[in-house]
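Naming follows writing order (A, B, C and D), and every chain is counted from residue 1.
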Amino acid sequence: MSSVPPPALDFATSAINQSLSSSQKIGLFTLMVRIRRFEQAALKYYNAGKMGGFLHLYIGQEAVAVGTISLAGPNDHFITAYRDHGHALAVGMGMNECMAEMFGKQSGCSKGKGGSMHFFAPDKNFWGGHGIVAGQTPLGLGLAFGLKYLEREGCCLCYLGDGAVNQGTFHESLNLSGLFEIPVVFVIENNGYSMGTSQERSSAYSGCLAQRAEAYGIEWDVIDGSDVYEVRAKTHIAMERARKQHKPTLLEIDTYRYYGHSVADANAKKYRTPEEIENYKQNHDPITLLRRRLITDGLLTEASADAIHLAAAEEAAAAVKFADESPIPTLADISTDVYWESDHQTPASKIGRHFFND
Amino acid sequence: MSSVPPPALDFATSAINQSLSSSQKIGLFTLMVRIRRFEQAALKYYNAGKMGGFLHLYIGQEAVAVGTISLAGPNDHFITAYRDHGHALAVGMGMNECMAEMFGKQSGCSKGKGGSMHFFAPDKNFWGGHGIVAGQTPLGLGLAFGLKYLEREGCCLCYLGDGAVNQGTFHESLNLSGLFEIPVVFVIENNGYSMGTSQERSSAYSGCLAQRAEAYGIEWDVIDGSDVYEVRAKTHIAMERARKQHKPTLLEIDTYRYYGHSVADANAKKYRTPEEIENYKQNHDPITLLRRRLITDGLLTEASADAIHLAAAEEAAAAVKFADESPIPTLADISTDVYWESDHQTPASKIGRHFFND
Amino acid sequence: MSRTLTYRAALREGLDEELARDPNVVLFGEEVAQYNGAYKVTEGLWKKWGSKRVFDTPISEAGFIGMGIGASMLGVRPVMELMFWSFHSVAFDQLVNNAACVRYMSGGLCHCPIVVRGPANGGTGVGATHSHIPEALFAAFPGLKVCAPATPADAKGLIKAAIRDNDPVYVMENTLLYGNSGEVPDLEIGDHIVPLGMADIKRQGTDVSLIAHGRSVIQCLAAAEILQAEHGIHCEVLDLRSIRPLDQDAILNTVRKTHRVVLVDESKPFGGVSAMVGMLIQEHAFDSLDAPIKRVCSIDAPAIYSPHIEHEQLPNPKRIVAKVLTLA
Amino acid sequence: MSRTLTYRAALREGLDEELARDPNVVLFGEEVAQYNGAYKVTEGLWKKWGSKRVFDTPISEAGFIGMGIGASMLGVRPVMELMFWSFHSVAFDQLVNNAACVRYMSGGLCHCPIVVRGPANGGTGVGATHSHIPEALFAAFPGLKVCAPATPADAKGLIKAAIRDNDPVYVMENTLLYGNSGEVPDLEIGDHIVPLGMADIKRQGTDVSLIAHGRSVIQCLAAAEILQAEHGIHCEVLDLRSIRPLDQDAILNTVRKTHRVVLVDESKPFGGVSAMVGMLIQEHAFDSLDAPIKRVCSIDAPAIYSPHIEHEQLPNPKRIVAKVLTLA
């Protein structure tokens, strides 16, 4: 949740942002718009009964995934929690396989086996999509450990929520990252709430959550997540520290979600005041802010911005069609992807009973 | 491990220590001596094959348990890890039931079911003796929660090692204690090593371990554990904060163990230099330091101090005899103390099968 | 003498009555208070009982369950919600070591009267990590008790028995049953308690015994209807209700009556409550069996998300009917 | 063609060979490097391979096992020691969710070639929390593989198979076997690998099948000697070696040969590998059985400390002999 006053510094002028071409800047905007439009379509079809389970919308937080992932080099990797649609599109996954995943179809990115919380694209350095709160934090540490072990100059960005900081594994991961000098950047996407519980009611802290890094001798920073330039400028420093010095960082990016915890959250307007939600939408919406800026800077016009929205909406609609028309998994599909050896029909897979269906 | 220079402050002059009578001061000394003599006897009979499992000696750390527990009021409670003999005697458990427990006898404090790592005396507000590293930390939090819930003015002292700080549950417990304002005092007994791993090799930190409390808005302090007066003076502040304000504290008490991690630790002299061990024994031994002081202050003579040692050694020898002569558990004893309802032969215990021995 | 309540409301009534009876009963967990519970089981209880008796915790299952265990040793009686029982995985040490062993390791000096409750089931499209079926996992640990109500009346009766029990009791509810309605005894008749360890014949029959617990009982009842209507097979349906203690007598009695058994269990097939029940039957009623004991479990893979196929992975009437027919 | 090695040395040789074979194999855990391992299994490997390949971790089992899982997805092949398998309780989520489910939830896009190894047994006087027997616990999770060698040769062969396997394999060793000696094939014959999923008849017999794994195999062999010498009963001893995959054919073959079965399992009796094996036997060899399947498990209580009685809680030759005699 943003309690940060409007930025005093103009992060657009920082080197990492000045190096952006016009089309790259428009690309950031386009990506944020695509994420939002994708999720608006998902919401519509979730409500129409096309999906199972939960739908955790990222709407309002787009600048975090887009800003951070826009900094990715070939050896940078990403892993997040269940609120994963933004990161998925930001790493370059297609709307089709993402939408189809939520529709539970064979053509889904995880063949309909993972659902909304479990998008994966290892070919794009994206390692999920994880449902157990903070359970992904040691995995992110491990991906970064792997990079160092394999002597690749890169880092892992590992996202978690403000509620997730109170899981013990996260602290174990912090300590290990500091101790072993692991090139991981932990990113707390602080939207102010873990389900219906505000930061004040779930965390003991003085100042901010990122400060927890300090006693581990780990660098930390707090970022206004409504400003994609600030996100990029500060995250870039952390990523370089990881890549070049093998030093971890803990970033806290203040942001906000407009919808409930998940679409099933009937209380979304009870534990937050309408004013609070409205204030964020009016004054901190990352898409609105960037749009305004790009228009001011002459990179977009009202019309071209609207066209980007329209194209994204059309892309999302096409993804819905793709998902809807894709085949559903078969009974046999339930039993694949359990063991690598079995899927590859290796000699090892032929010895002994692996499955105990009677 | 003590890297603290000799105390600049004289904690004997602090109010909580000035309030001690001469016999109370001699009592502190006597208790430390009794702990040491008890363990020396235990070591001898462990090596003679009278015990099973592990034997984690507390020798060198006595001032921590004795100093902190000497501050106990009727509603103060204690819980620790497996290195629990010092705390057990300090709360007032007898050498007999403690020695018998290690001998695996029916007359042991836990009927021979727990062993060296699992001494308990709830009647003396002592809740164990726990073997899973840091697993006791949420229990200590819970005892303190219980005190507050039951509206008793007291606190819980929850001890853990310097290696235990890297278990996630400890951090969850810290956060909960700060958030809910729980009257718990976490005491890190920092003896510099977790098994063969030094603090530097297991923890990322800047300054000290206790500083991890800071980001939770929790008070913390570092204490020289060789000086029982300093231990008392600083722990008293934390206990009062807990009792009166329901605020937690994290204390780090620097100390040292003379023996290996457990008696089975064949490497005890490999990961630490002989000089390091000898330096502590010569310059920081809590018993030697207190003896010297009490003699200087005219409360003890060399002879009376020696007599205390002798009496403690005799008491320990008697405990060995008691333990040796006590009956061993029967086969039937294996099956009691599993369920409260079964042990009490309640109506509930008669319904359905509880035990599945064939 | 009875009213219709949902399973959810019946649980809530049981919790509310126990909060009223004993001031040491305290309810906590994630979102149980101000949010009224992720599945609304605890709705209204925070408002009624206040923040001392009903409160929210951070997402620190090991921490807050351990806290409850510690408090229980002092005489507090915590009833803790796991939003999903699947989250046991992050609190496992507290659940199987501290809760299950503290009495034993202290030679009976400590005890641990806690209840941990929440939904434990598949079938809601939340994927592998959120769909674990841990009844047998915990029943394997001596020192623990486990139950799994299938109906509103049993839900109320078992939660009350669990809270009064002086040992740790893990109550496995079911998201897909919360909305089900059923008869629950009237308040005037006094405390409605279903003792742990007592199974219940939910349907009489003579040809085959279907033995199950939790939602699988409902699936068995549906299958029994089909089997009777379409195949003239009369199934007896035994609801275990409690897993540990276990009503072995009731199990053996139904087997001795029908001589044929199908065990239905949402667990994955390696292990599960059904493997244990099967083992007991073959040991104690070997000569009463006319055919091997059969099982219907979840298909042996992590839980699939796809709502198009998830229900096929679980025991369902179709799969139960097919299995019973293999015995005929 | 063979030498005598201890179980410990055989494991170490297997680890050393795999470290040499594949530069992506990396060993870590508490005290495995500079301290040479709490039980000295990894002795000398840090010195030989250096801190990149063999290193110590803090006491953060969830953290470092999760780290290994994450690294394995990138192609690193971590072999992680749990100082005791009992400490699984603090890493359970990583072990049963991330390791077991990541392949499935990603539709096969990720895989997790990790090994977790360490001792998993009672009998060493370390009390309830340190004496868990988790073979069945983990074998219950599809996606995981579990094995438990009983001899030095199997220890070497299985650890090598585990490291080469592309799925997560949990190797359950035994503190009380580390010092046992046995024949291990010579190095000249090439890689000695014991495939997962292949049981081994450790003693031929005709009257009763004793089926076990881990140290219980040794107990069965001792019991078989007594039964032959004192009662003229010829027991066949089948060592499962691997729990998942499980050699069902070998199990059914021995049952069809002897018609009588005693399952021996250090697990507590509610569940355990033996409950599952028993269930499979009664299902697939129902007509071959002349008597109910019997089990010898640990006495159903948390593990007692007292060295005077602890061995009585576990399966031992005396208890096995007595159980076999009930079948006669």
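One rule holds for everything that comes next: contacts are C-beta pairs under 8 Å (C-beta built on N, C-alpha and C of every residue); 3 or more make two chains touch, one makes a residue touch a chain.
Owing to the predicted nature of the structure, the values given are computational and were not obtained by experimental measurement.
Participant: Select, from A-C and A-D, the pair of chains that is joined by more C-beta pairs in contact.
Facilitator: A-D
Participant: Farthest chain from chain C, going by the mean of C-alpha atoms per chain?
Facilitator: Looking at centroid distances, B is the chain farthest away.
Participant: How many angstrom lie between the CA centroids of chain C and chain D, rounded to a whole number?
Facilitator: Their C-alpha centroids are separated by 31 Å.
Participant: How many Å are there between the centre of chain A and the centre of chain C, using C-alpha atoms for each centre?
Facilitator: The computed centroid separation for chain A versus chain C comes out at 36 Å.
Participant: What is the distance in Å between the mean C-alpha positions of chain B and chain C?
Facilitator: 40
Participant: Which residue numbers or ranges of chain D touch two or more of the other chains?
Facilitator: 58, 60, 62-63, 89-90, 93, 97, 104-105, 127-129, 142-143, 244, 268, 270, 276, 283, 294-295, 300-302, 304-305
Participant: Which chain A residues reach two or more other chains?
Facilitator: 110, 112-114, 118, 130, 132, 135, 166-169, 172, 175-176, 179, 201-203, 337-338, 355-356, 358 - these are the residues of chain A that touch more than one other chain.
Participant: If you look only at chain B, which of its residues touch chain A in the complex?
Facilitator: Chain B reaches chain A through residues 166-172, 174-179, 201-207, 211-218.
Participant: State the interface residues of chain C toward chain B in the complex, per the touch definition above.
Facilitator: 24, 26, 52, 57-58, 60, 62-76, 93-94, 97-98, 102-111, 113, 142-143, 145, 161, 165-167, 195-198, 242, 244-248, 276, 280, 283
Participant: Across the complex, what residues on chain D touch chain C?
Facilitator: The touching residues are 88-90, 92-93, 96-97, 100-101, 104-105, 127-129, 132, 136-137, 139-143, 244, 267-268, 270-272, 274-276, 278-279, 282-284, 286, 289, 291-295, 300-302, 304-305.
Participant: Considering the complex alone, what residue numbers of chain B touch chain C?
Facilitator: 77, 79, 108-114, 118, 120-122, 127-130, 132, 135, 137-147, 149-150, 168-169, 172-173, 175-176, 179, 336-341, 343-344, 346, 348, 351-356, 358
Participant: Which bits of chain B are touching chain D when the two form their complex?
Facilitator: Residues of chain B touching chain D: 51-54, 104-105, 110, 112-115, 117-118, 130-135, 163-164, 166-169, 194-197, 201-203, 267, 271, 328-331, 333-335, 337-338, 355-358.
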